[in-house]
Structure formats: C-alpha cells, structure tokens
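Shared chain: chain A. Partners: chain B in the first complex, chain C in the second.
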Partner chain A sequence: MKFKKTDLNEVLKTLAREYTVFAPIVENEEKKFMPWAESKDVEMEGLNTIKPPKDVLFPNVEKMYRYKMGLEGFIEEIFPEDTKRILFGIRPCDMRSIDSMDKVFLTKEYVDSYYAKRRDDATIVAFGCTEAGRTCFCESMGLNPNDAPSADVMMNVSADGEDYVLEARTEKGEELVKKLEGLITDGGEAKKDTKCSLVINKAEDLDKKLAKMFEHPIWDKVTKGCIGCGTCTFVCPTCYCFDIDSENYGAEGCKYRCWDSCMFSDYTRLAGGANPRPTKKERLRNRYMHKLSYFNERYGETLCVGCGRCVEKCPAHLDISEFIEKASAAELGKEDK
Partner chain B sequence: MAIDHECSCSKNPLVPTLCKVIDVKQETPDVQTYTIQTVDGKKPFSPLPGQLAMISLLGVGEAMFSITAQGDDYIQSSIKRTGLLTEAFHEMQPGQQIGVRGPYGNHFPIDDFKGKDILFIGGGIGIAPVRSLIRYCLEHREDFGHLDILYGARSMNDICFKEDCLENWPKAPDTNVYITTDVPSEGWDGHVGFVPSYIEEVGFKPENKKVALCGPPIMITLSSASLLKMGFKKEDVITTLELRMKCGIGKCGRCNIGSKFVCLDGPVFSLAELDELPDEK
Partner chain C sequence: MALSEKDIELKIREEAKKALATGEVSCVIGWTTTRFPDKMKPFFAETEAECDELVWNKYCINGTAKYALDDRYPSKKFAIIARGCDSRAINRMLKDKQLLRENLYIIGVVCDGKENPICEECQHKNPLTYDVLIGEPVPEQIDEKRFAEVEAFEKLSPDEKYEYWAKQYDKCIHCYACRNACPACNCVECYADQYRTGWQGKASDRIQNQVYGLTRAFHVGDRCIECGECERVCPMGLPIMRQTRKMLKDINDLFGDYECGMPDDAMPVLGGYTLADPDEFM
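For the complex of A and B:
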C-alpha cells in the first residue's frame, strides 16, 4: 500500500479526526513530536528528533492520585483520559525503545496502570530512516534503520521517492490503514537502503563480559569527564526511571510522578545520608551496566538502541559507543570474576 | 528467593489505601511502633514474614518499611527517626491518616526453615523485620525446632520490643534469648558487647540450623564473617537489604543491585545470593 507524499497532510488530517496524532513537527528550528494541526510544519525525513517520543506514553510529569486527609479523607486515582493517540513517524530505534519500556512497565509481576492505558490506546506508525545522523549506530546494536518489526504500521519512502509505502502489521495497524481509504492505493516498493554513519565494534557477548567487569579499571577512565548533568538520561529513549512526589495544600493534594535520573546523587541516597552510589563513577557505571548488561540479564535484550542522542548531546563529550568499543576490546584482569 | 506475593495487578499498584494509625508506641527514644488499620477498621493486607509496606504521610513523603507484626485487623511497623519523613512520622498521633500500599517484596523462606532450628539475629532497628519471622515461628511453633534469638541494641534504653525481648520470648517453649548492648547502661545487668563477638561467644552450632540476620550493614558484614568462621553455610544465612525506593514494584529504577531490584526480588537474600550480585550494597 502507498500514498502520495503530497497527500501527507491529507492523511494526517484524516487521522486527526479520530485521534490525537503526534508527528515530527519542526517549530523554532527544532524537530519534536507534537500534536499535529494543519498549521504545523511536518518533517518526516531528515534526522531524528532531539527528544525521543517516549513522553507520549510516559509523560515527563504525570498525576497519579489526589488525596485529602481528615474527616472526609479519601485517596482517588487520577487516570489518564483522551489517550487515543497515533504516534506517527517514529524511527526504528525509538520503536525498539518502546518494546523495552513495554517489558519494564507491563511485565514482571506488576502492570503499571498509567503506562498500560496509554500504550493500549496508542497506535504506532514507524518510519524508516532516510538519512543517518553522525552519531547513529543502531545497526551495531542489532537494529535496522529501515525497519521496525514491532510497529503497528511500517512506513518507508518508495524507491522512486514519490510515495510513502505502508505495511500494516497488527490489528491496530489495519484499523488505522482502513481509515485512509481513498488516499491509499495498492503496490509500492519501499526503499530500504539507509545505513548508519557510525559503525562500532561491539563484542557479541558484551553483556556477559561486562557482568565480570564491575571492578575493571575501565570505569575510572570512562567516567572521568562526566559532570552528572543528566542530559543523557533526559534524551535517552529507553531511560524510564521515575520519582514520586506530591503537591500539597494543607490537608489535601496530589501525588505525581516525574522523570528522574540515575546520574543525580540523591537518586539513591538513603535517609541518614548513606549512598550506595556515592560518586559519578558508581553512577555512570550503573547507567552503562544497566543499558548493556543488567537489562539483558533481566529482560533478555540490550537497553541501548544506538540512537546516538546521548553522544550528540553530552556537554562533556562522553560517548557510549566509544565505551562499547573499549569494553568489547578490554582485557579481563584477575579482579574480573 | 522466589517472588510470592498477592499480585495487585487487578488494581493500580501505585495508589495506596487510606489507612489510619490507631496506636503509637514509643519503643525507644528514637523508635516508634505504629498500629495501622484501614479507615474502616480492617487489616490493610496480610503480609508474609519479611515483606514490606510502602507507607506515606500524604503530603510529606512515602517510604518502604518492614512490617514487624500483624493481627486479625491490623499491621504494625516500627520506624526509627532518621530523616525528614521519619521525623514527621514521629509527630503522628493516633487517628492520623496515612496511605499504605503493599505487601511488597519476597519474604523469609519459611518453607525451607520448617523442621530446622533457627537462629534469629537482630541489630538495632533490624530486629523489626526479624520480629515478623519470630512471631510467625512462635505462632507455628510445632513446625520449627529450637529457637535462638540474639539481639543487640546500643544501650538498655534502645532495646526495642522490651516486652517481647525481656518477658515473652524468654518464656516461649524451647527458645533461648540473648540480649546484648553495645555499651554498659545503669540498671542493665545483661551482656555488654557487639553482636558479632557475642555470636562467637555463645558458640551456636551450624548443624540443622538456619539463620535470619538483620541490622545495619556493618553489623551484617561482621556477623556474617563470624557465622562463616563458625561453620555456617552461606545458603543458610538469610539477610535483608535496604535501599532507597519509590515505586516498590520494580519499575522506578533506583533500588537495583546489578539486575535485581531489592523492592521486588528482595529484600530477603541469602549470603550465597548476595555473592552473585555486584558489590554495591
């Protein structure tokens, strides 16, 4: 199936009648996922957005419940409404990140109700990259920049560059495509030849190797430049840590959760002041280990998708791709059990 | 230890139940025990020994605590004044409304303990989780062999659960109680000294015995060393960990040690299991 590139706005307009459509929109020279409106400037191709689209499913700040103490005390859940959404045009790295978030929020004994509602209500149209940024290395992490296997609909530019080619892969995807009747025609050959600009040497079993490298001297070196600003966790599509706090007025208020960062010292600080991760070395080690080893052990896949955002945005030029290469090549010493 | 809890997936696991504190007991100068019920007078939930509750003073904060005891219509938590939130807890009066969710985490391996002699070791407020297990064993007395309870507090005034430690437990069938204080105190004619050396002094035998060991990190480290020296196996020494927690259900990220989350996969681990985790405790 395909539709003409020139019909893109018509397609979005049709979908926006029933859903809130989040699309890659350029505003003030920055591309980000925002609710689409006809006046907005959509840019499907070009580089990926600076911020990942994770906040559509896992908002930066989210109210959880309101409460009142006293005679008529109550605790009342605040549940997300109006979450019937389409995420239109997210890249394969970001789709793969959502697969990982699904594992965190929807498996292992407990289902996170807030995430589950947003996720159930979302239909995701992934878009194959047509251009790679200078820090894109998803292929080295086992992804394909042209294809997102778990998307509801996969969309690519056609070989002749005139159309967008669609493939519905799930029931949700088929339902979405049905709504585009009249705009869509059969056929179309997808162009799928985009390559990452950054290719790194990653050891096949890096996750298992890192599990033995907790005390390795590599950590002293790689963590040297880190200033603990948390930018990496903010732009990371798979960072999902959150804090819980409240906005309180006298005897009533509202509890919310918000993104947190493992790069901050108070993240693990206990009452009384003890901290199991007291310096940037322990904190960055935990972040890299979580992405490349711990998550593999717990959920069976790596948590770094190679989107390159943290590499691009780190003010101290820390580079996880460089770390992956160094750790892959590192020799194990006697302290590495 | 396998995860085995009442799964709250059917409702929102992050939203607490409104409860009230029906009794506040001053155990020591800095420890209080709160008896907690739902606002309509029911038991919030039925935890297994060692499980945790997320207790919030709405508007101040929320933190994870062990559940030291339970009855037909209540649960109890003993909380030491240590930081901002616990400071506020200590201002509470009976009738105070709080949010409670749980039970969280795994529990002491009671099935493995059956038929065995048990050595309970508590240091400071670490006696609180151990007490949930002691109470369980005393309620199911015929399932367990000989019981030894060794508890160390800073001074006589700092002994928690004085009634249990000094009156009830010493009278329990086939149970020995050893109390020690770090420093001598006026009116205290019991043992004085630290827990690890007292363990060695008493000379517990490792045969057919399981150990439940809770306390501050340094006390766990040194007591473990003493027990291993005395011939106890790492598989037979069970302890609990404590880290900062927010969600309690293994999602929010902060209480991991390696690939394990203390709130969900713990807090109960054997020394053998801890050996498998990175040294970040």
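For the complex of A and C:
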C-alpha cells in the first residue's frame, strides 16, 4: 500500500478526524511530537527529534489524584482521558524503546494503569529513517533503522522517492489503514537501505561481562567529566524513572508524578540524608549498568537502543557508545567476579 | 612570535608532566579527543603517559575550573589548564571561598578564541591568574556590543518579554545542565536540590521551569563571568545568558564598571554594602 508524499497533509487530516495525531512537527524552533493541526509544519524526514516521543505515553508531568482535607474532604483519581491517539512517524529506535517501556510498565505482575490506558489507546505508525545522525548507532545495538518490527503500521519512503509505502502489521494497524480509503493505492516498493553512521564494537555478552565489573577501575576514568545534569536521561527514549510529589494550596492539592533522573543527587537520597550513590561515579555507573546489564538480566534485552541522543547532547561529551567499546575490550581484574 | 596550536599543545603536555612530577598534584584538568573531530572532552591526566593525551585546539571549549569543586578538600592539588575565562572562574570561586588557592596549580594559556560564538565577545584572552603561563600575552579588546542584545530586549513591552520567555521555558527540560556547567553556581547545595522546602518543584512545566530560570539568573547575580557555558550546554537552545547579562548590565548601570572574576580583593558588588550604594529601587 502507498500514498503520494504530496497527500501527507490529507492523510493526517483524515486521521485527525478520529484520532489525536502526534506527528513530528517543527514549532518554536524545535522539532517534536505534538498534536497535528492543519497549520502545523510536519517534517517526516531529516533527523530524529531531540526529545523522544515517550512523553505521549509517559508524560513528563502526570497528575494522579486530587484531594481536599476537612469536612468536605475527598480523594479523587485523575485518569488519562479517553483519547484515541496515533503516534505518527516515530523512528525504529523509538519504537523499540516503547517495547522496553511496555515491559517495564505492563509486565512482571504489575500493570501501571496510567501507562496502560495511554498505550491501549495508541496506534503507532513507525517511519524508516532516511538519514542517520552522526551519533546514531542503533544497528550495533541490534536494530534496523529501516524497520520497526513491533509497529502497528510500518511506513517507508518508496524506492522512487515519490510515495510513502505502508504495511499494516496488527489489527490496530489494519483499522487505521482502512480509514485512508481513497487516499491509498496498492503496491509500492519500500526503500530500505539507510545505514547507521556509527558502527561500534560491542561484545556479544557485554551484559554478563558488565555484571562482573561493578568494581572495575573503568568507572573512575569514564565518569570524571560528567557534570551530573539530567540531560542524558531526559533525552533518552528508554529512561523511565519518575518521582512522586504533591502540589498543595491550603487544604487542597494533588499528587503528581514527573520524570526523574538517576544523575541527580537527590535520586537516591534517603530520608535521613544518607546517599548510597554519593558521587557521579556511582550515578553514571548505575545509568550505564541499567542500560547495558541490569535490564538484560530482568527483561532479556538491552535498554540502550543506540539512538545517539545522549551522545549528541551531553555537555561534557561523554559517549555511551565509546563506553560500550571500552567495556567490551576491558580486561577483567581479580576484583571482577 | 605567537605560538602555534601544536606548540601550545606540546607546552601544555610538558607543563602537565612537570606538575605531576612534583608529586603535589593529583591530576591535570584539560581536554582530550573524542570520536568526533569537533568535540573535545574534559580530561583528567593522572600519569605522565596520560599527559600526552591532552590536546589544544579550537574545539577545547568546556570550562575546566569547575571540576575542582568535585573535591573541595583534596589531599593533593588540582592542576588546571586555564584560559582567560577559566581563570576568571577560579578567581570568583576563590572569592566565594569555595576553593583554596593552595589547592590549585594553574597552568595559564593565552587563548585566541574557540569555535564558540561567545569567544567573539571575550575581553580576557590572557589568563588573569596563573602559576605558569603558556603563550605571549596579547592585547585585549573591549567588547562594544557587550550589552547590545540586552538593550534591544529592554525595549520590548512587559507582555512581549513575558511571551518570549514563556515560550523559551516551554522548551526547557529542567535538566540543570545550565546550573551544573556554570562556575558561578558553586553552592555546596543548590536551593533546587533542597527537598521538602517547597522552593523548587520537580515537575518540568511552564511554572516550575520559569521559577527555576528566574531563580538561577538572580542567584548567579554578580557572579557571572560571561563564559557562555550555560547557553552552550543547554540541550534545548535557550538563550539564557541574556538573563545573566541583564543582571550585569544593571550592576554596571548602578554601581559603575564591573566585571566578575578579576584578581582583586574587592568585596563582590552584591556581597557587600556601603552607605553610598544606590537604593532608589528599594
């Protein structure tokens, strides 16, 4: 199936009648996923967004319940509204990151009802990259920049560059494609030859190796330049930590949750003030270990999808892909068991 | 004759080795390469061999001085490769009593600017404070346009200003990179990290982002050394140095010519009080 590139706006308009369509839109000098409207400037191709689309499913700030104290006191849950949404045009790395978030929020006996609601309501149209950023290394992490296996609909540019080629892969995807009758035609050959810019040497069993490297001297060296900001975690499509806090006005208020960062000093601060991760060494070690080893242990896959965002944006030019190579090549010492 | 980039790099390595050889220095803070030719990262040379990894080129941009705060009670000295801006950062941190001079060994390097827009405005290419200097001192420029951007901005109406900053702070992701990179942000514990005080909400929304932005600008106050790191590190491209420049402009207007990070014993303008201080705004 395919539709003409020039019909993109028509397609989005048609979908927007029944869904809230989050598309890569350039506004306020920034490209990000936001609800489509006719006046918006959509940019499908080019590089991926700086901010990942994760906040459509896992918002930056989410109110959970409101309350009032006193005689007329109450507690009332705030639940995500019923909105059928489409995530339109997310890249394979970001699709894979949603697979990981699904595991976190929906499996192992605990279902996060807020995430589940948004996820159920969402149909995802992935888009094969036509260009790789200089920090993209998803192929080395086992992904394919041209294909997102778990998407509801996979979309690619056609070989002749004139069309977008679609492939519905799930029931939700079929349903979405049905709405486009009249705009889509049969056939179309997808162009799938985009290559990642960075190819890195990653040891096959790096996760198991790292599990033995908690005390390895590598951490002293690689973490020294870190300034402990939250940039890497907030631009990362797979960082899912949150904090819960409240906002109170007199006797009323609400509880909300918001993204947190393991790079912040208060992340592991205990009630009495003690902090088991007192310096950047322990904090960055946790971030890298979580991405490359702890997550594998619990969910059987690596949490870094190689999107390269943190590599591009780290103010101190720390580079997780460089770390992966260093750790892959590192010799284990006697303290590493 | 001015030294070439390569000459300076070799001198830096030589001075770094000398510093380590004294046995009084734990590491030399400078820069080294990454896999990207236009990104040089902060580097901490601890051995003679590592000194040969230190580099000097137009992409050595990150500030070096603030890393000395990683250990406020070091058993040995930090050696810092310091350009003009880094030396100003050191001077201010010394004045703020966040560092002790005897814990530092400063390798000053005359810097003719980096691949960084702020360097075009630099008034201190020569390090102001150092133990050893690499390069011949060069004449300094006066930046006539230092406050031009602020002056243009001041002409907007309050609503236009609000609209401008509201839009900017809608982009902010509340990562604190601007704070963490800034040598003026040298408090042992930032107000924003003091939990349960209710001063700074953790949520990244319009209100909390703006509360943070405003507080940052006011807390930096007279401490801004105009290095531009805050703006460079911001992943979302907020023009936040415009705020600290506004603080500096007001200080210049009220108290006379002022630049932060000079090697003098004067009380910081906002840190002291005299009867002659202007107070018509109170």
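Keep in mind that, in the parts below, the second predicted complex is superposed on the first by the 334 of 337 C-alpha atoms of A that agree within 3 Å, B and C clash if a C-alpha of one lies under 4 Å from a C-alpha of the other, contacts with A are read in each partner's own complex, and residues count from 1 in each chain.
To be clear about the criterion, a residue touches a chain if its C-beta (ideal position, glycine included) is under 8 Å from a C-beta of that chain, and two chains touch if they have at least 3 such contacts.
Quick caveat, the model's predicted, so the values are computed rather than measured.
Peer 1: Figure out whether A:S113 sits in contact with chain B (first) or chain C (second), or with both, or with neither.
Peer 2: It touches chain B, and chain C stays clear.
Peer 1: Applying the document's definition of touching, compare chain B and chain C: which contacts more of chain A?
Peer 2: Comparing chain B with chain C, the partner touching more chain A residues is B.
Peer 1: Would you check which partner chain A:M64 touches, where first means chain B only, second means chain C only, and both and neither mean what they say?
Peer 2: first
Peer 1: Between chain B (first) and chain C (second), which, if any, makes contact with A:R269: first, second, both or neither?
Peer 2: Once the two structures are laid over each other on A, A:R269 reaches both partners.
Peer 1: Please indicate which partner A:D319 is in contact with in the superposed arrangement: first for chain B, second for chain C, both, or neither.
Peer 2: So A:D319 only meets chain C here.
Peer 1: For A:A37, using the defined touch cut-off, is the partner it touches chain B, chain C, both, or neither? Pick first, second, both or neither.
Peer 2: Once the two structures are laid over each other on A, A:A37 reaches no partner at all.
Peer 1: Quick one: classify A:F105 as touching chain B (first), chain C (second), both or neither.
Peer 2: It touches chain B, and chain C stays clear.
Peer 1: Looking at the overlay, what does A:D260 touch: chain B (first), chain C (second), both, or neither?
Peer 2: Both partners.
Peer 1: With both complexes overlaid on chain A, does A:V199 touch chain B (first), chain C (second), both or neither?
Peer 2: A:V199 contacts neither chain B nor chain C.
Peer 1: A:F234 in the overlay: touching chain B, chain C, both, or neither? Say first, second, both or neither.
Peer 2: So A:F234 only meets chain C here.
Peer 1: In the superposed arrangement, what residues of chain A touch both chain B and chain C?
Peer 2: Correct list for chain A: 243, 260, 269.
Peer 1: Quick one: which bits of chain B touch chain A in the complex? Just the residue numbers, please.
Peer 2: 3, 5, 7-9, 11-18, 39, 58-63, 82-86, 97, 99, 217, 242-244, 246-247, 249-259, 264, 278-281
Peer 1: Which of the residues in chain A end up touching chain B in this complex?
Peer 2: Its residues touching chain B are 64-65, 67, 69-70, 73-75, 77, 79, 104-105, 108-114, 211, 214-215, 240-244, 246, 248, 251, 253, 255, 257, 260, 262, 267-272, 274, 276-277, 282, 286, 289-290, 293-295, 297-298.
Peer 1: In their shared complex, at which residues does chain C touch chain A?
Peer 2: 34-36, 39-44, 62, 66-67, 70, 167, 170-171, 173-177, 179-181, 193, 195, 201-205, 232-233, 235-237
Peer 1: Help me check something: in the complex, which residues belonging to chain A touch chain C?
Peer 2: Where chain A meets chain C, its residues are 28-30, 50-51, 60-61, 134, 198, 224-225, 227-231, 234-235, 243, 245, 247, 256, 258-261, 264-266, 269, 279-280, 313, 315-319, 321-322.
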